[in-house]
Each structure stands twice: as structure tokens, then as C-alpha cells.
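The two complexes that follow have chain A in common; it is paired with chain B in the first and with chain C in the second.
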Partner chain A sequence: MSEKNLFCYLMVAPALFLTLILGVYPMIDTMIISFQDYDLLTLQSGGVNWVGIDNYSKILADERFVQTIWQTVWMTVLAILFSVSAGLLLAQIINVNFKGRGILRTVVLSPWFVPPVTASAIWIWLLNTNASPINQVLMDWGLIDSNIRFLADSTTWGPFNIPMLSVVAVRSWNGLPIIIIFLLAGLQSIPKSLYEAADMDGAGMFQKFYHVTLPMLRPVLMILLALLFLGGFGHFEMNYVMTGGGPRNLTNVLAVWTYQEGFQFLRYGKAAAASGIILLMTITISIFYLWVESKDNRK
Partner chain B sequence: MNLTKKLALLAFSSTMAIASVAKAETTIDFWSQPYGDQIKWQESYEALIEKYEASQSDVKVNFEILPWSDSRTKWLAIAQGGAAPDCADMWWLHSFSAIGGDKYGPMPLGDLASKLPIDEFYPGAMQDASWRGDIYGVPWRGDVRLMLYRSDAMKEAGIEDAPDTWDEVVEVAKKLTVRDGNNVTRWGYGFGTSAKIVDWLMPLYWQAGGEFMTEDGKTATIDNDAMRTALKWMHDMVNVHKVADPDSFEKGYVARPLFVANRVAMFGSAEQAWGKRMEAENPEVNGLWSFARSAKGPEDRDSFSGAGYLGVLRGTEKAEACVNWLSFLAKDENMQALSEASGNVATKPAVMASEFWTDRPYKLVVAEALQDAHTSQHPAPAWSAVSTSEPGGILYDMIYSTVIEQKDMDEAIKKAQGLMQAELDRTE
Partner chain C sequence: MSDAIIQSAPVWAKPTSRYSDLFNRALILIALGALLIFILLPIFWMLKSSFQSTSEVHAIPPSWWAANPSFEPYVIANKIVPLLKYIWNSIFVSASAAILAGIISCMAAYVLARFRFPGATLILVTILLTQLIPPITRVFPVYFLIQNLGLLDSYSGLILAYTGFAVPYAVLLLRGYFQSSVPAELEEAAMMDGCTYFGAFVRVILPICLPGIAAVTIFTFLLAWNDFLWASLLLSSGDAKTIQVGIGGFAGEGGGGRYPNAFMAACVASTIPALIMFFFVQKWLVGGLTAGAVKS
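And now, the complex of A and B:
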């Protein structure tokens, strides 16, 4: 091993060590537990036995769990769709030089300063059926005649419902700043000459966006989407604090379901199996991302 | 002084010094959850520790606050062998004892319990510090719940006295509910101030004459007329009389701002600690609210009561030192200090007779309500899982499907009975 390589290994060793201890080991341990009847209430008296895929069979036979998987996917997709669309628009605006850009940047990035749990508590009040200022404004404008039950209405349209959309909106709002920063960095790395060439070819605003901006942002967007999907499938705080999965399990997501199974019902085995499902979903996204990346690199 | 004498003196002094250091090195780690203002809570404990250490030359108390946000997971970890203090302010004795078995978690005190003034506590409160015949410590706080109402709203509606029975609650709640077109600007009734809807059902079920399980904790007893009566009353308050907010059954519901803003006029089961909190944090409504004893149901007026206890953890080598510390805390004046600092009702009649608990009309009502207290702890380790107020929780789902989804009540109760029995069998 060359001296340079040794130096590199030494440099990454602390981070690698921490990742192994705090990331990989708990993950492997959780996967082991997912194949055991690990029940906190009987742990000391009954011990732990191997049960194969029993925990997986049980949770996948539970309608509520299957509903939760779909909701996790839908909420993640919607949150990404909303936040990336808004992020693309806002990043373009912020990228342009104009008076007051600094103020706009601060306003747009401000959700980043609010921790998700605090943001949830604030939004719970803003979305309270009887006290919501949003309802008040809509009533004053004559747009509604009875309060919208933002976090409690269980009327559904296919897989969608108002509480789900409300939570998605808050998740999008809270996640927007990091998306804007990613996209802004991407936008600033696009050579101006490409836009000048497009101008010379007579391209309009949308054509420039479609033929220049989007292709040039593709590498940033790919990594961003991969990260958002990975984070979205494991999202916990806002769903748990704002609705706890209700009403009628309509906003439940896998991480909340896992928490409830493990820490409320004290069945670690089943909770670990649910974590296994999340892991499977995130691995799928990672493999897909790596496949697309390698395909691009081969071109 | 010759050399031999000097050496002997030096050896003697060294031995004494080492002995005194060794004696002073007994330090017990003690944890408490915070109650009320965290800084004041810390100061209260520090004052008690200072007093205790002044009376003991050989024991030091290392005090730490365990935030409520971490409390549940921390105690779960401890019950499985995680790093634990020597003694602490604890809760959920039955579940954590079952989880820890005879290795981890709460420690039965055995003969050491004789050092504690057990007879001086309310017998009901001692239930929360005892399990399967063993004493685990001393109860120090109560959480009795009673009726809370806006006296200004009552006056405005021409009502003189707080409702005393379920029927009176319905009538008063109707008068207190204010509607504006399709919207309700003030709900006449809220079931409880706690965010846990299972906590709302408990007193109603007891008031209807029910008990959740047999005394040995082995048999679920919820498929009966008392449960039907309690659930029907809840259902009717929401769907027939329309005086209780259906949104209150959802997680994001926060009761206190709504009560302070006069958007809910009455709560059937309010935490008594709200009295102190509202006096301190919402002075704008001072004089506009009152407590009353819980309304009487078909059978009685039992009220939800929880309690925390001061106990010792398995694995400690300082059990005796801990019990001495707990014995000190169990003295009337120290229990008084903890009660005053936290705003929680005390677990000793002597403290409840003090000036602190008799200087306001609402406190007198709280003291009076103690006679209605019914412990919320049940003699089954799985009770914590059964009573969880989360979707998927057995009692939660039964309430939700009956009251909010308005599904068949008999079927919901029958299903809950079966599931609850399976949970109780889980630890047998």
C-alpha cells in the first residue's frame, strides 16, 4: 500500500468507524431482531426465539400495515413533487439578480431554521379546525361556509384526503430550503454561454428551461431525488406530531407505524420487520439510482 | 518525637484520611422527570439535596433531570439492562417490572421497605408503588382528574352550579355550546385535557360501574353493559347532542389554548396540575375558571388518578443509601416541597391538609376530589400496551370506531375484549 493510500484510509477511518458503529451495526441488529419473537414484555421470562419470516408474514397480512406502506409511498411522492417543483421555480427566481433578492432568500430559506417538531406544533395550531386563521381568511373571502378540518377530515378521494395533503404541504414547506440550495448550486454551475447560444437560436423562456436548464441540472436532480426518496420513506417527526397517523390511519407512515409497534405495543420483532420493509424500499431506490448513474457514465 | 512515633502518627493520619475520603465517596445517582418550571424544579431538588447532605456526612446525591421527551424510551432501555441510576422518580411500575423481570428495572425493596413511612400515605396512592405484594418505593405525586369549567361561560348561560351527574352535564353542555352557522365557536364539553383518549374512557367506564380486568390482572372484563353505557354516552355527546368536538379525538388536538380562548367551556376529566399552570401561565383567565368533582355516572363518580413513585433500580449497590434518601424525601415537609414545586397533589393526607393545599377554592375542590380517585394502574404488565392511545391500540380503536366512525358498538367491544385477553395472556 502506498503512503498516499494509507493516508487516505487513515483520513476516512474515523468516519467509517462511526458509520459502522452507529449505522451499520444497529441496522444489522435490527434485521436479526426482525426474525425473532422479540417481545419486550416477555423478554426476561420467555427469552427470544427464531421465528423465521413470521413477523414479516404477520405485518404484511395486516390491512392497516399495507395501507401504511402505500401511504408512505404516496406522501413521499407528493412531498417530493410539490417541493421540487416549488424549489425549481424559487431557485430560478433567487438565481436572478434583482433588488431585494437577499430578503427573498432569507424568507425562502427560513423554514430551515425551524426544527420539524417545532414546525409541526406551529402548524397544528394554524390548521386547527376551530382556531385556524386560514379558515378565518377563507370564510372572510366567502370561499367556504364551514371550517375545513385540515387534520381531522376523513373523507377520501382514492388514496388522497385532506389531512394527508395538509401534512404533505407542511413537509414540503419544511424541506424546501435544502432543495433550493441544491438547485441553486446546480443553476450557478450552468455556463452562461449555453443560455446565450439558446438566445441566438431564438429559444423562449420555457424552451431554455426545458432544453438547457433541466438537462444541466440532471446530475443534481438525480442525487436530490435519491436523497429525498430515502429520507421520505423513513420520515417520522411531522406525521407523528401532527396526526400520529390519524384520522383512521389515513396519514400513517412506516416510521410511525414502526415506532407505535415498538414503543407503544412493545413488540420489537414486528417493529424490526417493519424497519426491514423500509430498508428494502430504500435499497430499491439506491440500486435504481446507482443503475441510472452507471448508465449515464457508460454513455 | 522519634522517627517510629512520627511514622506511626503519619500512618494513623493517612488511614483516617483514606477512611474519611472513602466514607464521603458514597454518591447515589438520582433522576427525576421535570414537573412545571424545570429550573424551579431543579432548584427545589437542589435545596432538598443540600439539606439532606448536611444531615449526612457520608452520602452525596447526584441529581439529574430526565426530560419527559426521553423518559419513555429511557425507562424501556433501563428495563432491558441499559445504564440506570441508583434510584429515581419513576412510573409504570407494573410494565417496567414485567419487562425487567428479576434482572433489570424497578427493585422490590424487601426488608428495606420498613425504613419507609408506608402507613402515612393514602392507601390508593400506595397501589402505584406496589406490585404483586412487593413494595417498590414511596408514591410522591398524584394526578387526580376532575371537572374543569369556564365560570364566565356558565354565568353567561345562566347556570349557577357545576353539573353533578351525567344528565346534568348533557344539559349544561348544550347551553354552553355556541354555534355560528355551520361552525361551532365554543364547544360545551370536552372529555379530557390529556391528549390520551383512553384516559377519557377510564373514569366514564368506572362511573358506569365497570372495571377493566379482574383483581389478579388475568382476565379482561370489558364486554359488559358498563362499557356499552360509557361508550354510548361518549358517542351521544359527539354525534347526538353535538356538544363535544369530534376533532378532539385526533392527535393534533391541544386542549389548553382552546380552553383559555373560551372555545371549550368544560372538561369532564381535567388534570389538576392545570390549576397551578393556568395561574402561572394564563393569568388573563384567573377568576374565570373553576374545578368541580367529577360528575356522577350511573354507579359512582370515580376519577382518573395516576401517581409517580420514588424507587430504587436493580443493579445498584447502594440500595440502602437510596432508601435512606427516599425516607428523607418521604418526610411531610419534603413531600410538601415537592408538591408545591410541581403543583401535583400530594400522596400524604398531612400534606393535603397544609395551607398550600387550602389557600384557594380550586385547591379545596382538588383535595375533596381525592376521595373519588381511582388508580389508572392495573395489575397487568400488558396494561400499558392495551391502554395506548395510538391507532392500533385496543381500547383506542374500540373508542374511535364507536364514537367517530360510528360502527357497531357490540362488535367493537367484543373484538376489544378478545384482543385485550390475548394481551393479558401475552405475559402469562
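And now, the complex of A and C:
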């Protein structure tokens, strides 16, 4: 082996080793478990059997699990819709030069240094039915007659309900800073001359946004959306801490379901099958992203 | 943005555009105001609650200001959970993982950016694919792996896990950084002068790449600092708990109900180290984290 190749392998070895044992091996192992009859009982009796797609058909026959899949998708879509539109507005405002811009930027990015668990804890307190200052203000203004039960109301409208929207709002709050940073980086790469040309044509604010900003932001938006969908489908922390899936399973998502099935009920086979479903969803998103990307590049 | 329109658009040519722009500006200001309240309310609420007395926090209707601000909630919080110890644990674990991940990913990213060697593409694709796996799908095997290594409830297990999870992203980010901002002639010149491959890397490349490496290190630190899932799994008991697990436990023990002010004080304490980091590194982080996403 040449000196150069030896050097390369030595340099890459630690990173590759960590990636293999903490990334690739766990994923393959989870997939294997998902086709096995793997729970506390079978572990103790020492016999873990292959059961084919049994775990998958069992969980998919469970109405609550199917509901959980849909909720995972809906919550991700809603959080992305809300936080990306808010991010687009805020990033554009911060991108303009004005007095107080630095302060505004720091304020807008401030949720970044509040860890997700802490954020959930604060929001639980803010959304507490009786102690909520939001309810107080809405009452004072005469907008509501009785306190909104932000995290406990189990009335549903189609796939939506109040606790779900509350958790979506908190997830958006938490995700906003990183979205703004991506969009700011994207906005700063747009040449000023394009806006000057649009000014000459007498374009208004929304026209400029629609015809200049959005098309130029497309590459950044695409990778951002892909990352947000990947993260959103596997989202765990805020759902787990804020509601643990309740009330009546209405805010449950796949990651929380997996965690509870595995670490509370110790049914690893079924939990692994649920992970398999998450993986299938993220692979779909990745393939879709690569397809769009390659179509864009061919143009 | 709207300033530019009003100055340069010929008003006589489009008489309505000025009024509709004013209307749009008003709309934008309202939306901005609503968003700012949304962003700041939790932070304000946490801060003011952490200085209030228990009865003030429990008051209905809620009181918006601490009448007699005191540090007592912080003292109570530190009695219920050992805040300082947990914060120190968090700092130790996060910093160790950040430094390890910085070194390991920097080495790999450099050769993957600069050299062609058999298997390089395969290694790169493997690393890229790992990025697509949600953490929850590897929870069980990683848990059993750490258990089999005898590293449950220890700093080392958690440091190993965080380093491993951060490395793929860090490699991809730094690889882009090496490609875009370090000219290849530099190490060629160093090699001409008799440096070995490793010598050129350490003496020439590392010093120039410090900003990129700093961004990756900070990214890993924050990732580890903010994590709850792995810390709560791998540190189920014992003294090694991180602050996130401490906060989670505090809420669970009913402390959040009896002493909400102390609970909020614990929350404030948990944000401070990250906050200090944030102010020091804001600029680096903003440019560094997205280096790969935007073609310059």
C-alpha cells in the first residue's frame, strides 16, 4: 500500500468506525429485530424466532397505531408550514439594513439556546388550563367564555385537535431559529442586482418575493424542507415531554410510540417494526428530494 | 426592502402601488409583532416566574410581574435537584464529545476532501446515509451496545454516543469547508518543503481551518447539551445525570407542581451555559453551520 493510501485510511478510520458501530450497525440490527419475535418473554426463554412480517401486520392492524402514523405526518406538515412561513418573513426582515437589526436578530434566534426539554417545561406551564396567561388575556379581551384546555381538550375536528395544535406551535417555536439561519444564508447569496432590475420594472413587494426571492431560494428551501421532514418524522422530545402522546392518543407520534412500546412495555419486536415504518417514511422523503434535485440539475 | 420600492418605483406611473405597499407594510408589522410575542412570551414567563414567590406563581389570574423579586427559588431548586452538579456533568460530557468529534471528523473530512483512494466514495456515501436515519430507529441496538460495554450510567457511554452521532454531519460539513476555503497549493508547497502528509495536515491545514472546526465543535456541544433522549436512556440512575435529565426528573417528581418558581429557576439555570456560548460564537455558528447548503 502506498504511503498516501495508508495515511488516508488511518485518518478516516476513527470516523468510519464510529459511523459503522453507532449508525449503520444499529439501523441494520433494528431492521432484523423488526422481523423477529423479540420481547422480554422470548429473551428470557432464550428463543428468539423469525416471524416474517408478523410484527408489521400486527401494528398496522392496530387502529391507534395507524392514527399515530397520520398524526406524525400531520404534525410534521403543520409545523413545517407554520415555521417556514414565519421564518421566511423574519429572515427577510432581518436581512434588511435598519437600526436595531442586531437586537431583532438576537431576539428572534433566542429560542435556540433554550434546550427542547426546558422549552417544553416552560410551555407546559404557559399552557396550563387555569394558570395560562394566554387564557387570561383572551378572557380579558372577551374572545373566549371559558379557559381553553390547551393540552387536555380531546374534542377533534377531523384529524385536528387543540393539544395537537399546541404541540405543533411549541415544536415550531423550537425549530424557528435554525430555519431562519438557513434562510438568511440563502437570502444573502441572492445578487442585489436582481432586486434593482425588479424595481426598474415597478414590481411590488409581493411580486419581488414571488418572482425573485422564492425562485432564488429554491435550492436552500429544498434542502431545508428535506431536513425538516426527516427530523419531523422522527421527532421525539417535545411530544414525549409535553403530552406523552395523550390525551387519548391524540398527540402521539411514531417516535413516542416506539419508545413506549420498547422501554415501557418491552416489546422490542413491535417497537422495531414501528421504527421500520419511520425509516420507510424518511427514505421516501430522501428519494423524493434526490429526484427533485436531479431534475433541477438537468435543466 | 419596502424602502427601496418607495424610493425607486415611479409613483406617477403606478398611482395605487404606494397605498398598497403601505397596507402591506402594516400587515407585515402586525405579523412581526405577533411573532415576536410568540417568541418572547415563554422566555419572559420563565424569567419572571423564577423570581416570584410560590403564591405569586400560583395566583389566578396569573401575575405578570415579580413584585418582590428574590433568588430564593434558585436556592430551593438547588436543594431539590443538585443543579450545579448536573450542569457541570452536562458541560463535561458535551465538551468532551465536542472536542473528540471535532478531531475525528476533521481528520476524516480532510482526506475525503483532498485525496482519491480506493473506497473513498463508498465511505462518503455510508456517512451520508447515516444522516438520514432518525435517532429513534437506532435506540435499542445502541442501548444494548452501551450496556454490553458496561458503560451505562457513566460519562464515557454518553460521550461515545454523542461523538458517534455528531461525526457524520461534522464530516460532511467540514469536507465542504476544506473544499471551498482551503487552496490545495498550500499543502503541496508544504510537502515540497519536506513535510510528511501528516505534518502538512497538522502544521498547515489545521491552523487555517480553525473557524470551520470551531463551528463543528460548537454544533456538537449544543447537540449534546440539548439532548434528552439518549441522556435519559443511558443515565437512568446515578450521579452522572445531565441537566436535561435533571429537569425532566424535576417535573416528574412533582417539584414542578409544588414549587413552580423553583422549577422555572432550574429551567433558567439550564439555559445559561448555552446562552453564554451563543453570545460568544453567534457569528461563527451562523456562517459555519450552513456552509454546505449555499453555493458561494
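Keep this in mind: the second predicted complex is superposed on the first by the 279 of 299 C-alpha atoms of A that agree within 3 Å, B and C clash if a C-alpha of one lies under 4 Å from a C-alpha of the other, contacts with A are read in each partner's own complex, and residues count from 1 in each chain.
Everything below uses one rule, namely that a residue touches a chain if its C-beta (ideal position, glycine included) is under 8 Å from a C-beta of that chain, and two chains touch if they have at least 3 such contacts.
No experiment lies behind these values; they were computed from the predicted model shown.
**Student:** Taking chain A as the common reference for superposition, should the pair chain B and chain C be classed as clashing or as fitting?
**Tutor:** These partners clash in the superposed model.
**Student:** Pick one for A:S45: touches chain B only (first), chain C only (second), both, or neither.
**Tutor:** Touch partner of A:S45: chain B, not chain C.
**Student:** Per the overlay, which chain contacts more chain A residues, chain B or chain C?
**Tutor:** Larger number of chain A residues touched: C.
**Student:** Report for A:F263: first if it touches chain B alone, second if chain C alone, otherwise both or neither.
**Tutor:** So A:F263 meets both chain B and chain C here.
**Student:** First (chain B), second (chain C), both or neither: which does A:D145 touch?
**Tutor:** A:D145: touches chain B, not chain C.
**Student:** First (chain B), second (chain C), both or neither: which does A:A131 touch?
**Tutor:** In the superposition, A:A131 touches chain B and chain C alike.
**Student:** Considering only touches as defined above, state whether A:G202 meets chain B (first), chain C (second), both or neither.
**Tutor:** Second partner only, chain C.
**Student:** Between chain B and chain C, whom does A:A271 touch in the aligned arrangement: first, second, both, or neither?
**Tutor:** Only chain C; A:A271 stays clear of chain B.
**Student:** Return first, second, both or neither, reflecting whether A:P215 touches chain B, chain C, both chains, or no partner chain.
**Tutor:** Neither chain B nor chain C is touched by A:P215.
**Student:** Considering only the touch criterion stated at the top, classify A:P191 as touching first (chain B), second (chain C), both, or neither.
**Tutor:** In the superposition, A:P191 contacts neither chain B nor chain C.
**Student:** If you stack the two complexes on chain A, which partner ends up touching A:M242: first (chain B), second (chain C), both, or neither?
**Tutor:** Only chain B; A:M242 stays clear of chain C.
**Student:** Looking at the overlay, which bit of chain B runs into chain C, 62-70, 134-142 or 224-232?
**Tutor:** Clashing stretch of chain B against chain C: 62-70.
**Student:** On chain A, what residues does chain B touch that chain C touches as well?
**Tutor:** After superposing on chain A, chain A residues 124-125, 130-131, 241, 263 contact both chain B and chain C.
**Student:** Tell me, which parts of chain A touch chain B in their complex?
**Tutor:** 39-45, 64, 124-125, 127-131, 145-147, 149, 151-152, 241-249, 252, 257, 260-261, 263-266
**Student:** Which residues of chain C touch chain A in their complex?
**Tutor:** 1-5, 8-10, 13-14, 17, 20-21, 24, 28, 31-32, 35-36, 38-43, 45-46, 49, 58, 60-62, 64, 104-105, 107-108, 110-112, 115, 117-118, 120, 123, 126-127, 129-130, 132-142, 145, 160-161, 163-165, 167-168, 171, 197-198, 201, 225-226, 228-229, 233, 243-244, 247-248, 251, 256, 260, 263-264, 267, 270-271, 274-275, 277-278, 282, 286-287, 289-290, 293-296
**Student:** Can you list the residues on chain B that touch chain A in the complex?
**Tutor:** These residues of chain B touch chain A: 72-73, 76, 79-80, 95, 98-104, 181-185, 187, 245-247, 249-254, 257-258, 261, 263, 381-382, 384-385, 388, 390-393, 400, 404-405, 426-427.
**Student:** Could you list, by residue number, the parts of chain A that touch chain C in their complex?
**Tutor:** Residues 3-5, 7-9, 11-12, 14-16, 18-27, 29-30, 33, 86, 89-90, 92-93, 95-96, 106-119, 121-126, 130-134, 136, 169, 173, 176, 178, 181-182, 184-186, 188-189, 195-196, 199-200, 202-206, 208, 219-220, 223-224, 230-231, 233-234, 236-237, 241, 254-255, 258-259, 262-263, 268, 271-272, 275-276, 278-279, 282-283, 286 of chain A touch chain C in their complex.
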